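Encoded as structure tokens, the structure appears first; notes follow it.
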Amino acid sequence: MDDDTLARRCADAMWARDRASQALGIRISDVAPGRATASFTITEVMVNGHAIAHGGYVFTLADTAFAFACNTYGVVTVAFGADVVFVAPARLGAQLVARAEERARYGRNGVYDVTVRTADGELVAEFRGRSRATSAPLLSEG
Amino acid sequence: MDDDTLARRCADAMWARDRASQALGIRISDVAPGRATASFTITEVMVNGHAIAHGGYVFTLADTAFAFACNTYGVVTVAFGADVVFVAPARLGAQLVARAEERARYGRNGVYDVTVRTADGELVAEFRGRSRATSAPLLSEG
Amino acid sequence: MDDDTLARRCADAMWARDRASQALGIRISDVAPGRATASFTITEVMVNGHAIAHGGYVFTLADTAFAFACNTYGVVTVAFGADVVFVAPARLGAQLVARAEERARYGRNGVYDVTVRTADGELVAEFRGRSRATSAPLLSEG
Amino acid sequence: MDDDTLARRCADAMWARDRASQALGIRISDVAPGRATASFTITEVMVNGHAIAHGGYVFTLADTAFAFACNTYGVVTVAFGADVVFVAPARLGAQLVARAEERARYGRNGVYDVTVRTADGELVAEFRGRSRATSAPLLSEG
């Protein structure tokens, strides 16, 4: 299995068990080794009385892209921590796109940058995730 | 109005407009100047196929406690950014309690530490939020 | 050997090899399990043309307190990363005191909060360090 | 004055007053709007007894690159905070190169990524700085 195929099969396995991301209407795309994109639309349950998204949902989208990006190598990899900078509010009905890209991998550790933008390209948040690989295989043996 | 009364009235005003936190079943308690506690129970929509909460929901609870704590001084204060360390997974049905405490306030800026634990006291996450006050009053006049 | 004695012996062993901290005139005090204080005075080589310390030296003091605090358990423990918030400038001649306190320890990982103040108690910076223990003993046998 | 010229004149003005960076033997290069590179060589005073650099000096180099990169627009801009991930130790005699690149600028705020490598290209640290512009001009008139 080549690296791209492994990455996509990992994403499929992640997705099958990630009911939380499914329930939020998140879509995963552009999966490759160390990369993934997650997107969703801000709905009524995610906003406050001024129609602005709770920052937790912006983080959740970025965290999902991060999780899919760092789990592309065939071993279960967990989120160790993350830093987020909130740049601009996200509004009800907006489609948000979070692109995760690997910045560094060393030993079992990884650093991933995730940029969250609206579909129009407006910057919403910058996220940096810290991952750690376990020794558990992500894909069950055929 | 004394400081504690102001803090509680701010929390009431925040709560009235925070539909997202209401929808998650979050409860706010122990509000005082620079402090607040948020708690909720991990439900089916928050977990993956192994009954472990998506990290985004743990962050969201901490972020909510942070938002209520930094909005206790009568002016609208926004989350500028945050760092989170995920310590242990949170499981389906667990009640999580996030206690936010002010660490520093300088100029319009603030630093708030939030510890997330299970109701049994097991540590789940450590969060540090960075806030910035606007010049908008949080409470409407008269 | 009790925990406090172990902590102090670890600090002595750390200090003996930490030429960089010695060269900066750092003093270590108040060492106990998960705790340490580092202090120094801002000198000419640490400041810019306006007599304000380079942020790197404020970080270095906090990082030193963190290193001594997380190395109090008898195993070599490394700094994995850190976040710092710069609150106020530190001036030439000021004495800075960095107090490190353990916030969490789980598996081989730790989270330590360090507050940097002037000797007058003015807040200069808030630092949060992330540590990871190795399996190497810190104290040589016999 | 075009943007590149402004950026370089800002760097010259920064350098003239930055005695701390001069004292560390730091060299600044590749200055452009939102970008700068800082480099130095790890010397005896920066290392511990095992000839490994104190993390504070690695941070300091990254922080310097960050400061020069965010001060390329003609207004005095301060470091608000930063996160650093230490990837590998830096050894006595190694030349380190820190490249700072702007990731986002919004209102008076900025986010800058700095990667620190050895001259051989080995990754040493990943740093993310948060800046805030003041209203003071960086270049004196006439």
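Going by the order they are written in, the chains are A, B, C and D; count residues from 1 in each one.
We adopt the following convention: a contact is a pair of C-beta atoms (placed from the backbone, for glycine too) under 8 Å apart; a residue touches a chain by one contact, two chains touch by 3 or more.
Worth saying up front: this structure is predicted, and the values here are computed from it rather than measured.
Chemist: Looking only at C-beta pairs in contact, point me to the busier pair out of B-D and A-B.
Modeler: The greater number of contacts lies at A-B.
Chemist: Most remote chain relative to subunit A, going by C-alpha centroids?
Modeler: So the chain farthest away from subunit A turns out to be C.
Chemist: Compute the distance, rounded to whole Å, between the mean C-alpha positions of subunit B and subunit C.
Modeler: Computed from C-alpha means, the inter-chain centre distance equals 30 Å.
Chemist: In angstrom, rounded to a whole number, how far apart do the mean CA points of subunit A and subunit B lie?
Modeler: So the centre of subunit A lies 22 Å away from the centre of subunit B.
Chemist: Using the average of all C-alpha atoms in each chain as its centre, how far is it in Å between subunit B and subunit D?
Modeler: The computed centroid separation for subunit B versus subunit D comes out at 34 Å.
Chemist: What are the residues of subunit B that contact at least two other chains?
Modeler: Residue numbers touching two or more other chains: 80-81, 83, 85, 109, 130.
Chemist: Going by the touch rule set out above, what shape does the chain contact graph take here: line, ring, star, complete or other?
Modeler: complete
Chemist: Along subunit D, where are the residues that touch subunit A in the complex?
Modeler: Contacts found on subunit D: 83, 85, 87-88, 103-104, 106, 109, 111, 113, 115, 123, 126, 128, 130.
Chemist: Write out the stretch or stretches of subunit D touching subunit B in their complex.
Modeler: 80-81, 83, 109, 130
Chemist: Give every residue of subunit C touching subunit D within the complex, in rising order.
Modeler: On the subunit C side, the touching residues are 16-21, 23, 44-50, 53-57, 59-61, 63-64, 67, 78-86.
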